[in-house]
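Input: a single structure, listed below in structure tokens.
The chains carry the letters A, B, C, D and E, assigned in the order they are written, with residues numbered from 1 in each.
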Amino acid sequence: MAQTTLKSRSRQIYKPKLARQVKEKVIEFILFLAAFSSVATTVAILYILIKESFLFFQEVPIVDFLTGTKWTPLFVNPQYGILPLLSGTLMSAGVALAVAIPMGTIAAIYLSEFATKRVREIAKPALELLAAIPTVVYGYFALLYVTPFLQNFFPKLPGFNILAAGLVMGLMIIPFISSISEDAMSAVPVGLREGSYAMGATKLQTALKVVFSAAISGISSSYILGTSRAVGETMIVAIAAGLRPNLTWNPFDQAATITAFIVQVSLGDLPHGTIAYQTIFAAGLTLVLMTLLLNIIGHFLAKTYREIY
Amino acid sequence: MPTTNLRKLRTNLNRRKLINSGFAFLGATIIAIAIIILLGLTLKMAFQGAERITPEFFTSFPSRRASRAGILSAWVGTCLVMLVTAMAAIPLGVASGIYLEEYAKKNWLADLIEINVTNLAGVPSIIYGLLALGLFVYELRLGQSILSAGLTLALLILPVVIVTTRESIRAIPNSLREASYALGASKWQTIWDHILPYSFGSILTGVIIGLSRAIGETAPIITIGALTFIAFLPKSPFKSEFPFLSFEWLQAPFTVMPIQMFNWVSRPQAAFEINAAAAGTVLIGMTLGINAIAIFLRYQLRKDIKW
Amino acid sequence: MVINNSHEQITSIPKAEVADLDFYYGSFHALKGINMTLPEHSVTALIGPSGCGKTTFLRCFNRMHDLYPGNRYEGSIWLDKDTNILGRKVDPIEVRMRISMVFQRPNPFPKSIYENVAYGLRVRGENNRRLMDEKIEDALRVSALWDEVKDRLNESAYNLSGGQQQRLCIARALVADPEIVLFDEPTSALDPIATASIEELMSTLKDRVTILIVTHSMQQAARISDHTAFMYLGELIEFGRTKDVFNKPLNQQTEDYISGRIG
Amino acid sequence: MVINNSHEQITSIPKAEVADLDFYYGSFHALKGINMTLPEHSVTALIGPSGCGKTTFLRCFNRMHDLYPGNRYEGSIWLDKDTNILGRKVDPIEVRMRISMVFQRPNPFPKSIYENVAYGLRVRGENNRRLMDEKIEDALRVSALWDEVKDRLNESAYNLSGGQQQRLCIARALVADPEIVLFDEPTSALDPIATASIEELMSTLKDRVTILIVTHSMQQAARISDHTAFMYLGELIEFGRTKDVFNKPLNQQTEDYISGRIG
Amino acid sequence: VPAVKSQSGSIIKIDGSSTVYPITEAVAEEYQIENKGATQVTVGVSGTGGGFKKFCSEDEAVRTDISDASRPIKEEEMAMCEAAGVEYIEIPVAYDAITVVANPENPIESMTVEELAQIWDPESEGEITNWSQVNPEWPDAEFVLYGPGADSGTFDGFTDKINGDEGASRTDYTPSEDDNVLVQGVSSDPNALGYFGYSYYEENQDKLKAIAIDAGEGAVVPSVETVRDGSYAPLSRPIYIYVNAQAAEKPEVAEFVEFYLTNAEGLVPEVGSVPLTPEEYQEGIARFQNGETGTTAAK
């Protein structure tokens, strides 16, 4: 090949350098801004919550807020103890998790280790539908079908109660646990599974002793996710668990959760700037801190039990 | 191997196999129970609402008389809100996903964004409602409008879109990236010509799943204050004079399907319970329809793409 | 068509006998009419070009193919002349308790060193700590790992080097006194030093068990095995004493392979 | 320390010259003081045991290592004596436009056959359909694929067989008239027949371009290359005309490798 | 309601009392049918207090044109309105009876004002929790209370008239601005007791039982007659709409208010409330047309 063609060829390809580099940089910057928008969202959430809560805590001592056993912010002698809302939140989440964790885990083990490919391909999306149903529909189920059904066995059960809301919420949370756990278990390398089968283990032994422990990080993060779902779930409890702040540990009782309180107050359309308006932000801040704490725990769990195979 | 030994081995084996089958039965039962309960409740609702699901139900506004009340303003509102949500969440989420997967260097900033996205995914939806109330309604003065609601839900599903975008991009084998670079493509060329087209389908699937979640969200919309009697439609986005597009509808008051259902659920008259059941059935139908599209897309993609 | 150019001089007692074995992955006919005997207390090597079916054959011995749908065996593998491993009524789990396996890549469980070896006993419901300690120490000694790990039995197995992990897997395979141990290219993921230590192990192991090993290295086969089987395109082409197969192959294809002309 | 036992008889014009090349994956020193010339219009083979750095070396020529963080080059590779490929101011994208690459596994884009080849032109902003048609036909002809695909240029490239896909990748690499084409074990994922057709191609290609190829098969190196470089543990041990390297290696390690004693 | 295509402009924003809501909703519905969607009306339910907070808001984006109220505007609300420069016209639209309801399974038929006060007194919180503590003849069972929230005019009216002090109430009950929630609660719990506007009882007579109230002259059950003749005491009261005087100058608002008052007589009974007399409605129209601002209700 002649030397001249080589030269001209190289000149041709050296040409568009600067324009291209500028374009690449601009695009990268735009994409960065987009990615950063999620950080901006978090900052905005914290800003709004902290700003309003700050005003709130100027009126209400933080100790009273954390230790008070009565939550009556809208009455004549308002009391701002978050404990009743907290107990409602924890109780309903507790009932839900008592349903969802065992059922979700067993379903995940079954799907990943026992089910045939066909069954898995049908059952997994079918289970995922449980999470796709709008929560307002679940609230409807809990209030109009599940509570009356439970009243057949527990005649004293009030019309609004934690139990029905929690049970239905548990049903909704199952797929968060089963799907993510199943993914984690499926990701366990075939080599480990075959190692166990080659020792003469049954499917169950392989599933529980090898696959489960190898996938523990993914499984524990599914529990964390399920928990933060349960704690933050709103419509089911707002519709079916009752709106009365009630410091109780009895699931047969009615009780308002943090989320239900926010919804209830929002329905009344509180105007900007009143203390009643600020209460929902203080309650929201509490909720965010709870879920943040859960996430941090999840992060640690994932770190300690990182999948190492 | 001595036969006594073999016999011991077999007894032990039989016990283990029994436990094994017991568990398999338990697992299948649990899955079946969960699905049957869901199916049972849904069908019960559908039967209860069936008498109300007529064409008029879709073309009537809400009314104080249950038998005349319909979901026209609700489903139109839902569609418009979803439109805003999709328009905001898709570009933002896809761009973020691309940045995180293809550009971000391993540094504290990338870690921050990454951890932040995970965290946002766990923030309860009602908190987005509070954000919207404080930010969109009061600080930015967007009012209790379709725009506020759409943006709120867009932020809510942003983590879903980001995560699925990242996963779809990650599923593209590195060999294709290297092939493109080796031909002298720049980074953006590689992304635009290869990464995006090849992951388009699965990103779309993720977005649709995100939207199907947004469609049923009630709490954040209640928080911005949308529970009202709305018996009219927002202005049409099209008009006869130039420039033919109108954005007034963005500012309009609105209601959406889950809010309408919530409204009817909390009415005590049995007749409205039927409406609520009918609206719930339609809402589930919409959600399932959207999910079915997503599943179909995913299936089509699996069939076509094999790298 | 069954080609079986066995040399006649196999002397030891047969531990297992393969008779007319065919194997199918769905419709793909991967093993074709294999007949072979596995002599007791000796090392038998399977060699052949990539894709010829060595791994497939090996995994018939502990019914590993049962784990995946669509696989089909035909023919039989007789263990001690009385049990057909492939028999319909024979439980694959029982087979696997008698015939254990070591894989190509070390695959210790994400558990402690102790628990990895203990697993072979625990699946049988063994819980007696004294007995387990004893057996585990024994297995680790035989696998030439005891001295290196005896002070850190509770550490994670993932802290070990690749070679140590593979020896751990060997200990795990040995702990419950299997009759046959199958090795599928056990050193292909290891460096030369780790490889040497595992090869050294082999010769001591055959006092306890019968060994069947797949290897892609002819040199390795020559170094460690007593008998060698050469496979090609799913068929067993030649089987005999290692030195015979390597020095005076009966079959042209074997010779081509050994001299590097094919593969 | 630079070991460079080059035979002296290299005759053709150097297309590229490697001078004191070191390469690091993070802190891992993968290439150590390599000096070599790449003769123009000829096929140069890189051989050596697995992990010796062949792929790493090859990917220095088109700056592929720039794609991943933590990689570091030292030294230089002069192209046509005037451009240092590794130079700080040289844009890797330009390098890749002049030096293209074919990978170990065929990696066509999930696009049509036509668009696969066209992509090499499109990245340069070429859009003239007539000119593209011409160049694409030419590239496909040179890659001995034209006759097989000319009637189905709009079909997906995934409908082609592995060997056809690899030839498509070669056409893609050739379409924009590169000066050097790098091949990284281009036949290792292919069956013998496909391999033969690609080997055949090589000899016709060298009229257009300079070829550097990594292969794990010494036979292949012997068959297709004009010059051979033997690498070991990140160093270039021996470099010279292929027949010299294979028949009278200067270095003991080369001889050991060629005779199968190591690797 | 048949579909009406949206075409033009103005929106009338209404919010406030849940007691008035059914009436306003019915009027809005009829008005929009008649009007073919030319004017759009939104009706929210925030409770009387919540409604006034919006009605008198400085923020125009939030401010409503009309506020539903189940009690007259309070001093502090007047001050808020003044600060925001909002003038208003007060128009009564119906009578209401705050109705005390129990589950139909509950054997109690009537209560004296004192008994009611004892149940709802702030002092009783945590102390009085059982029917029999109030009246030994009543069942020995814990009661469960439902009532409106603190933004509610009904709450203000009830506490004022029963406990003698506006806002004085025990707090360990289920509060909701949405009376439908209260109906749900009482109807699903045999030991429940609640109170809310008459129309919510009227609509749900099959699930609820109205408790007769004895203010010293014998127990009286709420009904259209007992409200009209004043014998259902002390829990009867007029209910209002408040119209922003500035907004009233807009023709569509004026048209709507007049439509409201001319059709109220027919629509009020339909939603289970007690209508005013035709003369009273005429007076209201006159007040409105004359633009008489301020409140006339005796405090």
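Throughout what follows, contacts are C-beta pairs under 8 Å (C-beta built on N, C-alpha and C of every residue); 3 or more make two chains touch, one makes a residue touch a chain.
Note that the structure is predicted; figures quoted are calculated from it, not measured.
Student: Counting hops between chains that touch, how far apart are chain B and chain D?
Tutor: Graph distance in the chain contact network comes out at 1.
Student: Could you work out which chain's C-alpha centre is the most distant one from the centre of chain B?
Tutor: Ranked by distance of C-alpha centres from chain B, the top chain is C.
Student: Sort out for me whether B-C or A-E is joined by the greater number of C-beta contact pairs.
Tutor: A-E
Student: Measuring between mean CA coordinates, which chain is farthest from chain D?
Tutor: Looking at centroid distances, E is the chain farthest away.
Student: Report the inter-centroid distance (CA atoms only) between chain A and chain D in whole Å.
Tutor: Using C-alpha averages as centres, the distance is 51 Å.
Student: Nearest whole angstrom, what separates the Cα centre of chain A from the Cα centre of chain B?
Tutor: One centre to the other, that is 14 Å.
Student: Measuring centre to centre with CA averages, how many angstrom lie between chain D and chain E?
Tutor: About 85 Å separates the centre of chain D from that of chain E.
Student: Suppose each chain is reduced to the average of its Cα coordinates; what separation in Å results between chain B and chain E?
Tutor: About 39 Å, centre to centre.
Student: Of all the residues in chain C, which ones touch at least 2 other chains?
Tutor: Counting only residues that touch two or more other chains, chain C contributes 93-94, 97, 123-124.
Student: Can you list every residue of chain E that touches 2 or more other chains, as numbers and ranges?
Tutor: Touching at least two other chains: 15, 44-45, 59, 62, 178, 181, 184, 187.
Student: What positions in chain A touch 2 or more of the other chains?
Tutor: 13, 20, 143, 202, 205, 267, 269, 272
Student: Which positions of chain C touch chain B when the two form their complex?
Tutor: Of all residues in chain C, those touching chain B are 80, 91, 93-94, 97-98, 123-125, 179.
Student: With touch defined as at the start, can you tell me which chain E residues reach chain A in the complex?
Tutor: For this pair, the touching residues of chain E are 15, 44-47, 50, 53-54, 57, 59, 62, 122, 144, 149-151, 167-169, 171-178, 181, 184-185, 187-189, 192.
Student: Can you tell me which positions in chain E touch chain B when the two form their complex?
Tutor: Going by the criterion above, the answer is residues 1-6, 11, 13, 15, 22, 25-26, 28-29, 32, 37, 40-45, 59, 61-62, 178, 180-181, 183-184, 187, 200, 203-204, 207, 271.
Student: Using the touch definition up top, name the residues of chain C that touch chain A in the complex.
Tutor: Counting only chain C, the residues touching chain A are 62, 64, 67, 69, 93-94, 96-97, 100-101, 103, 105, 107-111, 119-120, 122-124, 156, 158, 169, 172-173, 176.
Student: Write out the stretch or stretches of chain B touching chain D in their complex.
Tutor: The touching residues are 105-106, 173, 175-186, 189, 193-194, 198, 305-307.
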